[in-house]
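Structures incoming, each one as structure tokens.
Presented sequentially are two complexes of subunit A, the first with subunit B as partner and the second with subunit C.
And then the complex of A and B:
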């Protein structure tokens, strides 16, 4: 009876399911990108753009469902912001995949190992974000997941430092080679920052109703 | 002349609908928990249930215990109250229906040399003074309890619970509108000695409340809803439910008290959980002045109107 009077939580369920799908797609995209980097197959990075397009349509559904009235108005902006942050992660991963296709192989070979490690961490950190989101539904320990994400992010920062050290030692003769490798490293290493921000935002969402 | 009293009381009921629907369900509508039309139907049904199931005690207090009512007192009181309430709604002045009716009732009784029950008046005035503080205490305790209990649930379960709690507190306020507010309006009429079909009067009065809500409340509801829902839902619920619980408690005692003042008390109670500096004492002072002025003014109008008729 009460469920009939109030909206019954259908919109909320739809949003939660779509956010889960959104995060799963992010995990698939980072996994696909990791495989492309470890195998060196540049053509297979196109899967990232395909998944980004799919995720974009899910994001639009989430935002419009929230604006239809899902959740209390007090927490709507926080949930929207979280979804936008995940979307930014997609954008940056797509940029990394794009730059990867135009990399100068000789320069890239110098930092290939570090990049493969970062891609692996990115894939794991996204899985962790998805688990962190699930903990809002099941009362898991969100703080623990936040901490794990921060540790992963620190590892990416260390690897970024190693990459920068290596790149500084080489002569870049072509402007575009230099720009593309710099942008690629920036996009690759910034993904974990965005995931860390998104996980912090999950924490903010959780404490907003405490 | 009985018709004048009936029409006046129905006009006041209409005013209650246009103003108090926002007290009850403004937050829920603003939060998108319930749609406006559905909320107003729910409000109308609960007002009827409130007056039917629990309106007797308040009606007896107002219509029988304060003064010895006769038909001329009832006509004057209800007509003056209706005029004052309509003017206050039109000029957007915050007047409490209870205070207007009881103030003018005492004024009219004094003017006509009817017996006035001082003990009963003292009880009512004490109820008016302590009820916002009781609501403040209820809301304070409720907020603290919520912090310690439901905050342990997963986030999305808390959100779902709060939605259910908000609709429940809105329903409680709607019920109280019938059991206390509408009972105050109908009390003098019910105990004036006229032959009247109780159920029919309750039904017509509830329909008037419903009509006021459906025709005029949407603007107030939108303002209240949009204004209040930026508050966190915990505070909104604790303030509203604390106030609702307080009004229900006083309804059990048969005391006619103002929901609006109790909600102000409830909001202050929630504010107190964050420290005394969050409570706006300047605003409370204005409310206290209004608290004293409204019944005094109503007393004066009631007194003068009856003197005028007798002269």
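And then the complex of A and C:
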């Protein structure tokens, strides 16, 4: 679909290739975070910040190529917004990785299983977003990918409910322990919301091109 | 579908004692937003059972019985139908169809470790379809 609009222009191809790379880096970052959470290795979460920096530079390239004249003007804001949404997902993942390093282990142990499940879903949902972007280009069934992303998001919502239920039962004696665990859960569970929004935006782009 | 039951099962399980009242079970189901509870074996010779919303509606509510006066063991189904966590989804679907059940418990050895519902199966198949690209 998008390929038809770009008509094979050099700048457009560059943007599309860079968006694909941007999404692949997001997949790597969520995968790396998942591994850190499942192994409980706090030090290995630094890979998220490294990948976020790499992604940031790709994002700048995408935006400047678009401003150099890639794509017809009516479609430019839509593509920029999609890229920004993916960038927000990087930011929130980086925040989750940061908080993870400062968690109180005793409190975290109570919700460890749920967090590991969410990290796995986050990794899979990002992979699906990348597949969804490919199907926008190849005229695949984007609606189907969008639905699968919504199913994943619902699963994260249910896990968030379980986490909240467990955390409400414990006494928090230290302000920072409470703040860090709350922030961590917020960042971890909100990534899927952003991916869902980005996926909805892809669908809007597809509809607007019809 | 090569997916195994352990990949999609829900490990959130709630139990109830057989001598508890149906009213206790209703409270637990509402509070935990669940549709079934595992009924713990009475002794070593006993087996796991299950009490579902369906059991409560058809065997207590529809019969105009007092849930405070009925014990869980009186309406629970025993033994619970369960499958090994390594079972493939295709086999699970056949089992659900054969017994006309919406939910199957998952065991690891003698222990019940999860539950899979029809909705979980449908979600897994939709996700797998989408992931194929």
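Just so it is clear, the second predicted complex is superposed on the first by the 202 of 210 C-alpha atoms of A that agree within 3 Å, B and C clash if a C-alpha of one lies under 4 Å from a C-alpha of the other, contacts with A are read in each partner's own complex, and residues count from 1 in each chain.
The criterion applied here is as follows: a residue touches a chain if its C-beta (ideal position, glycine included) is under 8 Å from a C-beta of that chain, and two chains touch if they have at least 3 such contacts.
Fair warning: this is a prediction, and the values are worked out from it, not measured in the lab.
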So, A:148: does it touch subunit B (first), subunit C (second), both, or neither? second
I'd like to know which partner A:210 touches here: subunit B for first, subunit C for second, both or neither. first
Please work out whether A:113 is in contact with subunit B alone, subunit C alone, both, or neither, and reply first, second, both or neither. second
Under the stated touch criterion, which partner chain does A:139 make contact with: subunit B (first), subunit C (second), both, or neither? first
Looking at A:72 after the superposition, I want to know if it touches subunit B, subunit C, both of them or none. Which is it: first, second, both, neither? first
By residue count, is subunit A touched more by subunit B or by subunit C? B
With the two complexes superposed on chain A, say which partner A:128 touches: subunit B (first), subunit C (second), both, or neither. second
Would you check which partner chain A:162 touches, where first means subunit B only, second means subunit C only, and both and neither mean what they say? second
Can you give me the overlap between the subunit B contact set and the subunit C contact set on subunit A? 135
Subunit A partner, complex, touching residues on subunit C are 11-12, 33, 123, 126-127, 129-131, 133
Once bound in the complex, which stretches of subunit A touch subunit B? 2, 5-7, 9, 12, 16, 69, 71-75, 135-139, 205-206, 208-210
Complex contact set, residues of subunit B against subunit A: 30-34, 38, 42, 147, 151-160, 162-164, 167, 229-234
Within their complex, subunit A touches subunit C through residues 113, 124, 127-128, 131, 134-135, 140, 144-145, 147-149, 151-152, 155, 161-162
